[in-house]
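Order of writing sets the labels: A, B and C. Residues in every chain begin at 1.
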Amino acid sequence: MSEIAPIDQLPGGLESGLEAVLMVADTPVSSARLAEIFEVPVPRIAAALESLASEYDSRDRPRGFELRRVASGWRFYSRADYADFVSSYVLDGQTARLSQAALETLAVIAYRQPVSRGRISAIRGVNVDSVVRTLLTRGLITEYPEMGDGGATLYQTTEYFLERLGLGSLEELPALSPYLPGVADLESLDSATYDD
Amino acid sequence: MSTMLSEDQRGQTATGAPDSSPETGQGKPAGGFRLALANFNGPFDVLLHLITKRELDITEVALAEVTDEFIAYLRELQQRSLEAGSDGMKVLDETTEFLVVASTLLDLKAARLLPRGEMADEEDFELLEARDLLFARLLQYKAFKHAAAFLGERYETEGSRRPREVALEPEFAALLPELIFSIGPERFAKIAAGVLAPKPEPITEVGLDHLHGANVTIAAEAEAIAELLAAHGAMDFTALVADAAEHLVVVVRFLALLEMFRQKVISFEQHDPLGPLQISLAGESDFDADAVLDDYEGKGEVDHE
Amino acid sequence: MSEIAPIDQLPGGLESGLEAVLMVADTPVSSARLAEIFEVPVPRIAAALESLASEYDSRDRPRGFELRRVASGWRFYSRADYADFVSSYVLDGQTARLSQAALETLAVIAYRQPVSRGRISAIRGVNVDSVVRTLLTRGLITEYPEMGDGGATLYQTTEYFLERLGLGSLEELPALSPYLPGVADLESLDSATYDD
């Protein structure tokens, strides 16, 4: 790992490469993971991250974002100084209710968990990326600890979801069969129809 | 036209290559023309490819010239469907799609084989319409294929960038209004059942859509022209097709003009050399729609319309 | 709005403020909306965004991210140069290619929307049911709210379609007419038909 890594041959080098990955990372990324991605040793990653973080903080103009290290790794955050503006953006147009699309997606996750976004999309017939994000933000679902086939992120419902629905556990979710007229063997039918 | 070929090869569409194509391996003698089956998007795709291969412009090409190869392709398609033993519906569907084009091509070829003058006028005319409709469809298809290439390129290059789409930072998520979620397990289960219930498969029709597209007929367009001319006096062709919603209407209106001219319903006038052709009602006779109906409506295989 | 806005009193000023808001946005944000949030005129917002975008591009070190205008607004993207590293971090369907059939169907819908499956089939000469389903699942098209003639479902492209193709609006689609060779009359018709 000591010779020139692929990333060193690109304009901007490792620092820009790190910016690219972190810009789209949904959860904090550990230096170990970044070291794998860029094929450079962890200490070099750590040094580059520290240098980026202080560049954002201490330039003549502090950036609107900061790179922070939290328990599990590094992530971009908006800078606290601008929280007022960020809040007014976040609150603008927010509703307290879940859309029909969000409810349907939540229902699929509740009854099919753990389940990937791809599978939910296949079942609902539409792209569900933004709805899944809303449900995550609302704390109704969370990522399942293990990856699905092909490294897909799986989702499951949370304790908070059960609370809001007034249930003690997932077993208390009502069975679906009464609502599905004429479908005797739902389980097998389901897997036959939707497995993708 | 040569760009079509390169696109076909870039995308995974058409790689039917003359001579040494190994794709099908159907045991035909080497050197014969073969097409990579299943790589084509239907009859227009095949036809366009055959035309491209001969480096003919579809605005000039006599489609009859590529008929044999097209029919051969259709035969191989059937053969392969049989071998694959795939479901009958799909085979039937594919075959009807190709038959529309194939029968038109055969008509054109037959017309070329006949000595001039042996065919009745109406048949000539039917053929003209059949060919022009096919041209119009091919042109349209080709235009969309090019547009698809543009979209494909954008899709590819844009895919190398990713938008930032991350969950809201917890501090800000905490600001969101308290969720109203008082739906209860029963209603929630109903919603789930609604989503998870197996959807009725969309009816697998034997695709007839390609047979009945927009309902464009010479009779109707002739009527539209007569109305326009009655209302505006003399008009040029551009004005006459200004309201046309698709190419097919333009083509059919053009054919209707010829028909109307033949019946002496309209007259053409050109005021200066190369100037626009002015079309006006001749007043000598009314348009006989029935004659046209008789001429064209029975022509099932070209009546995509 | 001409006196000093609140954002001007913070370190970093408007540019950093914009960075902060865009950092939490998960859809493109329009300059109009940003103008409301920061209480400054739209032209000033637009100028600041342009300046940020070019700063990221043309610094001695190009940043790993870029600021781009797509669909109805502005948004942070990872820079294409680092696509290999980014995709080794994010595994999802984004890079999955579209088949030729899907692209052609998408083209017909983009230029003819709202349009029914029957009409698409007529233009493409093949049955398009399954391809339309794929495009729906990918979120590139959606059902048009109203029915067509005879109760046929109509389809249109989505905002995501514009975002995914990096287009500002449908007007940026190239005219269809240049693709139609040598038919002068059709040419003039095109402008009347397709540029709507």
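Points to keep in mind about this one:
Heads up, the rule we're going with is that a residue touches a chain if its C-beta (ideal position, glycine included) is under 8 Å from a C-beta of that chain, and two chains touch if they have at least 3 such contacts.
Note that the structure is predicted; figures quoted are calculated from it, not measured.
Once CA atoms are averaged chain by chain and compared with the all-protein CA average, the nearest chain turns out to be C.
Comparing the centres of all chains, each the average of its CA atoms, the largest separation from chain A belongs to B.
Averaging C-alpha coordinates per chain places the centre of chain B 28 Å away from that of chain C. The geometric centre of chain A is 43 Å away from that of chain B, both derived from CA atoms. The distance from the centre of chain A to the centre of chain C, with each centre set as the mean of the Cα atoms, comes to 22 Å. Within chain A, contacts with two or more other chains are made by residues 23-25, 77-78, 86, 90, 125, 129-130, 133. With touch defined as above, residues shared between interfaces to two or more other chains in chain B number as follows: 162-166, 168-169, 172. Those residues of chain A whose C-beta lies close enough to touch chain C in the complex are 6-7, 10-13, 15-25, 29, 33, 37-38, 61-65, 76-79, 81-82, 84-86, 88-90, 92, 117-118, 121-122, 125-127, 129-130, 133, 150-152.
Residues 162-169, 171-173, 175-181, 183-186, 188-199 of chain B are the ones that touch chain A when the two sit in their complex.
Every residue of chain C that touches chain B in the complex is listed here, in rising order: 22-26, 65-66, 68, 75-80, 83, 86, 90, 94-95, 97-101, 103-104, 106-108, 110-111, 117-119, 121-127, 129, 163-167, 173-174, 176-177, 179-183, 185-186, 188-189, 192-193. Considering their complex, residues 11-13, 41-45, 57, 59, 93-94, 97, 101, 137, 139-152, 154-166, 168-169, 172, 202, 204, 207, 209-210, 212-214, 237-238, 241-242, 244-247, 250, 254, 304 of chain B touch chain C.
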